[in-house]
Amino acid sequence: MIGAEHFLIVSAILFAVGVTGALISRNLIMIFMSVEIMLNAANLAIITFARMHGDMGGHVIVFLTLTVAAAEAAVGLGLIMTLYSKRGSVDAAKFNIMKW
Amino acid sequence: MQTVLPLIALLPLAGFIINILLVGKLSKKVAAIIGCGTVFVAFLLAIKVFFDLSALPADSRVISDTLYNWMTVGGFSVDFTFLLDPLSAIMILVVTGVGFLIHIYSIGYMAYDEGFGRFFAYLNLFMFSMLVLVLGSNFLMMFVGWEGVGLCSYLLIGFWFDRDSATEAGKKAFVVNRIGDFGFLLGMFIIYWNIGSLDFQTISALAPTTFVIGGTVITTATLLLFLGATGKSAQIPLFVWLPDAMEGPTPVSALIHAATMVTAGVYMLARTSTLFVMAPTTLMIVAIIGAATALMAATIGLFQNDIKRVLAYSTVSQLGYMFMACGVAAFGAGIFHLMTHAFFKALLFMGAGSVIHGMSDEQDMRKMGGLKKYMPITFMTMLIATLAISGLPGISGFFSKDEILWQTFSSDYGHPALWFVGMLTALLTTFYMFRLIFLTFFGKERMDEKTKAHLHESPKSMTTPLIVLAILSVIGGWIGIPKLFFGATNYFEHWLEPVFASSHRVMQTVAQQAEVPHDTSIEWGLMAITTILSLGAFGLAVRFYLKKPESVARPRESFSGVHRLIYNKYFVDEIYHKLVIRPLHLFSIFLWKIVDVLIIDGLINGGAFLVGGISRVVRLAQSGRLTSYVTVFTVGVALVAGTMVLLSYGFDYPLFGANN
Amino acid sequence: MEALDLNIVVFYLAAGTAIGSAFLMVWQRNPVASALYMILSILSQAVLYVLLDAVFVGALLVIIYAGAIVTLFLFVIMMLNLRGEHFVEPSTGSKRYVKLLVSGLVGAELVYLIAQSSGPGMALAPLTGAMANFGDVKPVAELLYSKYLYGFEITSILLLVAIVGAVILARRESGE
Amino acid sequence: MDFSGANLNFSLLLPEIALAISGFAILLFGVTKRGKDFGFGLGLLGLLAALAFTVQQWGSLETGFFGMVTKDGFSSLFNLIFLMGGVISIMISRSYLISKGIDKPEYYALILFSILGMMVMASTYDMIIIFLGLEIMSIPLYVLAGFNRKDPKSNEAGIKYFIMGAFASGFLLYGIALVYGAGATTDLRLIAANFHSLAQSSPMFLYAGAALILIGFGFKVAAVPFHMWAPDVYQGAPTPVTAFFSVGPKAAGFAALMRILAFGFDSMDEIQPILWTLAVLTMVVGNLLALFQDNIKRMLAYSSIAHAGYILVALTVGGESAVASGMYYLLGYTFINLGAFAILTILDTRDGTDSRFSEINGMAARHPYLASLLAIFMFSLAGFPPTAGFFGKLYIFSGAVDSGFIWLAIIGVMTSFVSVYYYMRVVVYCFFNKSDHPFAQVSLNPYLMVALLITAVGAIGLGVLPSFWIDLSRQAFASFL
Amino acid sequence: MFESQILTWLTFLPLAGAFALLLVKKENVKVIKAIAIATAGIEMLLSFALYASFDVGVTRMQFVINLPWVEQFGINYHLGIDGLSLLLIVMTTILTFLAILSSWRSVTKSVRGYYFSMLFLLTGMIGVFVALDLFVFYVFWEVMLVPMYFLIGIWGGLKRIYASIKFVLFTMFGSLLMLVALLYIYFAYYTQTGVHTFDLIALYSLNLPFGAQSWVYLAFALAFAIKVPIWPLHTWLPDAHVQAPTAGSVILAGVLLKMGTYGFLRICLPMFPEASIHYAPLMVGLALIGIVYGAFVAMVQKDIKSLVAFSSVSHMGFVMLGIFALNTQGMQGAVLQMLNHGITTGALFLIVGMIYERRHTRMISDFGGIAKVMPVFSAFFLIATLSSIGLPLTNGFVGEFMILLGAFKANWIYGTIAATGVILAAIYMLWMFQRVIWGKITHKENENLKDLTGLEKAVLIPLVVLIFWIGLAPNAMFKRMEPAVANILHIVRQADNAPEFFSAQDGEEEFNQDLANTPVDQQLNQSQENEHQSETLTQ
């Protein structure tokens, strides 16, 4: 029998994978994609809870967060592009003019 | 102020204020008139109050006069009160009298000094302080004078402030005196907290009932007071400043370091005799210290070549005599000697000053000789003084010294050993004093030609005081002629009786047996022994320094070790330097460089450095690299979530918690 | 029971694909491949959404994520021409293990905390009666325009802001 | 559809609407050639209008839009803080933007929308709305941080802030999801009301959710160890943006944290030790890192981290005076920090500047009043009486002591002791050191002067006459109970 | 009107003057100086008026003004003075006036800022002495740091930055802990009485258990001890003194150090009597170390200013000793010595400043033979030196004597150790004096030094007058401070559950005498309450 916890664990693992990606990647785009995976994981959790509680509010929430993800993607990619046009790289480790 | 008593002290103060404020603006003449005039008026007033006092019945001879309440704190209250009793009456006469003479003398002596006005200002300030010291009715006022004279001594020793040796000597005098004052202060505290008053009369009245005779408290208190006295009166172990003090102008040596200030210790002991007689141990120590000082200083005096230094050690020695007297509870005898000593020692110093004046500031006796024909008055007066100090029968010194020697032998607190030391000192005194006379006034003229050409008798302003003092040195002792002679009353002792009444009562309670009748034969015998032996010492001096000056070398060589020891003043200064001053200096540097800078500041700066170091290390995490930022963030997440996991188990969070 | 069993199979398949492709996405050097794996993962997640009776939102997920967001990513990747020499190596060496450890720890903690909560309350009750149309467009839309009206409205501002931002960032100025 | 209890009272949203309209207007006018110059004026106008509406709303307690919007004393006070921050930020922006050649009308629009997001965050009890507000606030900020596209530092700041922000958003959303899972609601009022039964049925979701939400907002307020972005972003962003960063998002983050932790999760004891630790870490690390900075902006970034620590102290303590003190502190901090940044902005309009300490060497000789103001702000940040900084700290620590968190208070004062050093350094450079080269003249326009005046009066006034503001903070707290 | 307003005027007049300076152009140096001097002068006259209208022999606070400030916290603008504050206020205004006067020529750099700082500082100092609300006290306590920081940092010597930061950090360290302690007692009082108040007098009645009292006491004591400074917290002092400009040193030594001891008297002792008694041996021990240590270190200093600075450590040790002798003599002596130290050390710093202006060095070895070229200067120097040594008939003696007397009563060992300080003081002061003033002129630069100008004499003469006035007639001071001291002692003794601490000699007799002289704190509290009531009625 598949319970909510199964879905939740899937979402938690997915979240952790996202975190892992954000940690080990150095490519800004991939870091960002990993973050998107984290958001996805959260959405999955919300959907699971919605189903669990029989509350459709969760679906609306996911609807809204998808918008947020899209908005973030637009701005984020804009930033990445600007940076790339200036520095010619998307290597996160290279951007350390400012430190300490 | 109901009487003129305070004026005696305040007049010189007024003189000081005028002279110091207008220093450099007044002509020397005016400055001298102000300086001497105020003291002279004070002297006249002193005579007046003396007669006022003597007009009173013997057992109520006390005049006191309160200026105002100085300070009141809680139960502690001290007035500026002047107290005239037979003891202070004698003292003010001596102080103002001798002081006035020295003021006059200074006019001549300092005539060409550019600090003339300043000199008289200081002298007047000294007179004021000394008079406050002797007239003060309580410990605190005495202390005011006590420190005041110390200050004046400091200023006057260092009067020629461009001489390093002079300023050094002044500072030394002050500091050494301060050590004594430390004792004085503590003694005062003990007495105050036990009796509840610092007033001499109250103390005398209450002490016998407050303290246990021979008890620790009173012994400590009197020992501390005596420490004060050793400082001021240059006794072992604090005598070292006095010889150096000779760097000051000679009138200063005469006034402060011979006649008046240095005797303050003796005066204090006499003033507080009631306390001292209650502490037999202290008395014994006083006597021993006095005797030891007398002997030691006399031996040093034997080989000094500086004319003033000889006199300085002589002063130390004579002061030792006075303490010896006090130590055997013969306070009257001590005061008597104080008075006669004031006359002849002042005279000796002024004579020496006159010699130095004539010798163009030369003080080394080895470069003098044959002066008697150039300065006859100086010679005559100094000879009289020398005879007085040597105890030529019939002259003042004889009576006072004999009185002391007799008391050391016969008093309840006395001991033949003390007498013996006293006698030995007397012989040495005779020897070195005549050595001084012979070296200075007789024999070959050893000075250089230039000096010789300038040799002259001092001006009248200097010789007149010499003559007056010479007369006093002769007759000054007659008021205290012992009963032995002519069966007359000892006026001096009689006069002082009311002052020592309280201490006598205490002594009577202590005395085991009834008073032994005066054994005149022993007294005669001792007197004879001293006189004869003194004559022998005189003879020796004649042989070594008049007849065969070259023969001195032989005994000097045979006792070369001893001679070196004595010649170098027993190396006391060096020992103090090595054992006290140097270690203290090093200790100070240790405290500053090691404790202060290295340890305390080091700890503080180290703390700051540590914080800074942590800061520098932590900063490295802020590498500017996004990846590591994300990692740190995630570590934080792991920790927070981990804490949550732990907390969900009811884990007790270690650091967290309220204090109450 | 039969259908239920199928659900289990579908669940494990979808979950496995979602997680696996996410893993593969993370592990790529090539961002294009990465983006493709991401699409796969999202599609699998959409399957999970359907299993959870969130049909409408599942569809939205595919449209918005796979259709818009990842496309945008691909678009940017292409535009930046991130190929070959422009590949960025992920962290290597001990750093990588530390990072894996940390992220693994976070995952483990989350899984632990969720697993703690498993119990009868977690069961997915069958949808019957009033709940029969759970996850359909209409009820979701009704909620969106009533209870979440405010949220919906401000989302529009959010999008506007994003557009403005993107325009500002991407706009080429004279002289640049 | 059931619209009962909807209360679609748009007057509730007047401040937000004012901002939105003026934001749109700026964008619209911005398209035209002549309209470009209206950006600043329209922005100011919109903010002042919003301010006026906020003041007009003051004292009301009304909920609308299906319970999604709540205007109460709390939201009003925070709106005041945001709007004040906005007004001052744009007042100090103008000359800077012109001098850097980035005076574009969108700048003002973004600031306005960002503030709109903050206001949304502060005026709701619903976590989803808070999340949306957060994003509305953040997305303009990402852009603003990278607004000076010519400056590589600005680019970096933008990307760093964005990546980290999105990362943190992930945690926040997951946290919200978990809390939603516990009670099938994101409404904090419901959560608070049913907290005990929820904690009974699914404690772990609540715990983990709260922890993740704390992390999410911890990022926004730059609490250690989620602070790493702050120094780089502060340094890289254009100076007036940094000024805005240091007050707006921080205040908004705390507004949300207060709503969530001090209201929704008020009954949850488990969060307290975590907050305690975060507070201590934040105070200690923030102050330590600031010690040897040679860049003033960076130093102020660390200092703002440290100040977040003090407010976290208030949050740890919880309860009335603590939350009120946190609000009071934020209010004061807004004035002080904006004041400091205003001066920094003025200095940065000079050519070739990089906010290094050495650049203010001997400033006092050339600009005594400006230097004195800077000193006042520094002393205020350091917590010298009688300034807002002092009273805020006093208020917070008194709450801590009152609740028995004496150690927290002691750590707090000791860290602020450390902070004295680096704040004093500013004074040292400005007053005690001599300038190596002639100190370039800076020009002041009236807006800057007004901004300086407001901030200075605020920085001192809040310390000298705090009563009124204390009352406001207390009422604000009282209103959300 | 006068009664209730004068303290406000006194406190804020300098601030008003400071802001008036800002209205003047900074190039207009003469006007700036004139305004500063006028303000300080009026301030001084005001304080004289205060002195004249002070009711001698009354325990209650006088010239009280009590208005609500931050009502939510029970913070009141509560000012008032007793004899203790009165004397310190008068000293402060005089010293500040003279310090400002002395800066006439010596300060040329940022003149306006300088006088602004001085006047600002004056407000802070007066505020500390008049505050009767703990919060107000704390505010002024901290405010004062700021202008002092600038004074050292801008107008100081070569190492001024290090010194100024060290000064601020040291002081802050203590006062921040004090802040926590202050909050603690505030809430403790609330728990006991249900009243939120920072009112000092009310807080006197706070009854903390010993444990709590102990740490709160230590927190306060640390703050005050740093300010005093007590060994080993003194190391900021030499740095600050040496680096500060003349006027800064004068104020620092003259007034700021007194705030520490004032804090002990005003707050520590009456508020935490048990802890005060319990820790008295500790405080006395540190004070004694300070006395001896300061003197020793002073002895080997090469810089005149740092010598005087270390002598301050020693002298302030005396003050602490007197306070913690916990008897009438000691405490009154301590209070007097606070004034004395202000006057004497102030004079010494002024003197050092005057010679520094001429020679731009303060190294002892750079001088020698000054007496020859500057006789008047030397005379003033001598008087100040003697006063510092504690020569009878100068102020220093009376204070030191009383302290030693009191300390000796508390424990003879205290008195004995402290009395060695008297010897050491003579050594280091006279040695310095000898090397600077006396001897031959060894440096050419010193041959043509000019003697004091009229202005410089005018600055020093008032201090010399004070030196002798207090030395000759200290009762004027004693009788003003007596009720205040008696009150503090009364509170301490009431709390004393270890009667053996006070020696048997210190029986009830003297205590009753204290009581008879002064209506003590019950009346005090009553009168406070009455005033409070009447105020609330009128409002």
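In order of appearance the chains are A, B, C, D and E, and numbering begins at 1 in each one.
Everything that follows uses one rule, which is that contacts are C-beta pairs under 8 Å (C-beta built on N, C-alpha and C of every residue); 3 or more make two chains touch, one makes a residue touch a chain.
Computed from a predicted structure; not experimentally measured.
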{"item": "Chain whose average C-alpha position is farthest from chain B's own", "value": "C"}
{"item": "Pair of chains joined by the greatest number of C-beta pairs in contact", "value": "A-C"}
{"item": "Chain occupying the middle, per Cα centroid", "value": "E"}
{"item": "CA centroid of chain C to CA centroid of chain E, Å", "value": "71"}
{"item": "Between chain D and chain A, distance of the C-alpha-averaged centres to the nearest whole Å", "value": "25"}
{"item": "Averaged-CA centre spacing for the pair chain D and chain B, given as whole angstrom", "value": "77"}
{"item": "Distance from the mean Cα position of chain E to that of chain D, given in whole angstrom", "value": "43"}
{"item": "Of all residues in chain E, the ones touching two or more other chains", "value": "none"}
{"item": "Multi-chain contact sites of chain B, meaning residues that touch two or more partners", "value": "619, 622, 624, 626-627, 630-631, 634-635, 637, 641, 644, 648"}
{"item": "Residues of chain D engaged with two or more neighbouring chains", "value": "128, 132, 135, 139, 142-143, 146, 149, 159-160, 163, 167, 171, 174, 203-204, 207-208, 231-232, 406"}
{"item": "Pairs of chains found to touch, sorted by chain label", "value": "A-B, A-C, A-D, B-C, B-D, B-E, C-D, D-E"}
{"item": "Residue ranges of chain A in contact with chain D within the complex", "value": "8, 15, 18-19, 22, 28, 31-32, 35, 38-39, 41-43, 45-46, 48-50, 52-55, 57-58, 61, 64-65, 68, 71-72, 75-76, 78-80, 82-83, 86-87, 92, 95-99"}
{"item": "Residue ranges of chain C in contact with chain B within the complex", "value": "91, 98-99, 102-103, 105-106, 109-110, 112-113, 116"}
{"item": "In the complex, chain C residues that touch chain A", "value": "4, 7-8, 11, 15, 18-19, 22-23, 25-26, 28, 31, 34-35, 38, 41-42, 45, 48-49, 51-54, 56-57, 60-61, 64-65, 68-70, 72-73, 76-77, 79-80, 82, 86-91, 96, 99-100, 102-104, 106-108, 110-111, 114-115, 117-118, 121-125, 127, 131, 134-135, 139-140, 143-144, 147-148, 151-152, 155, 158-159, 161-163, 165-166, 168-170"}
{"item": "Residue ranges of chain C touching chain D (in the complex, touch as defined)", "value": "110, 113-114, 116-117, 121, 142, 145-151, 154-155, 157-158, 160-162, 164-165, 167-169, 176"}
{"item": "Chain D - residues contacting chain B, complex", "value": "159-160, 163-164, 167-168, 171, 203-204, 207-208, 211-212, 214-215, 218-219, 224-226, 228-229, 231-232, 270, 272-274, 276-278, 280, 285, 288-289, 291-292, 403-407, 418"}
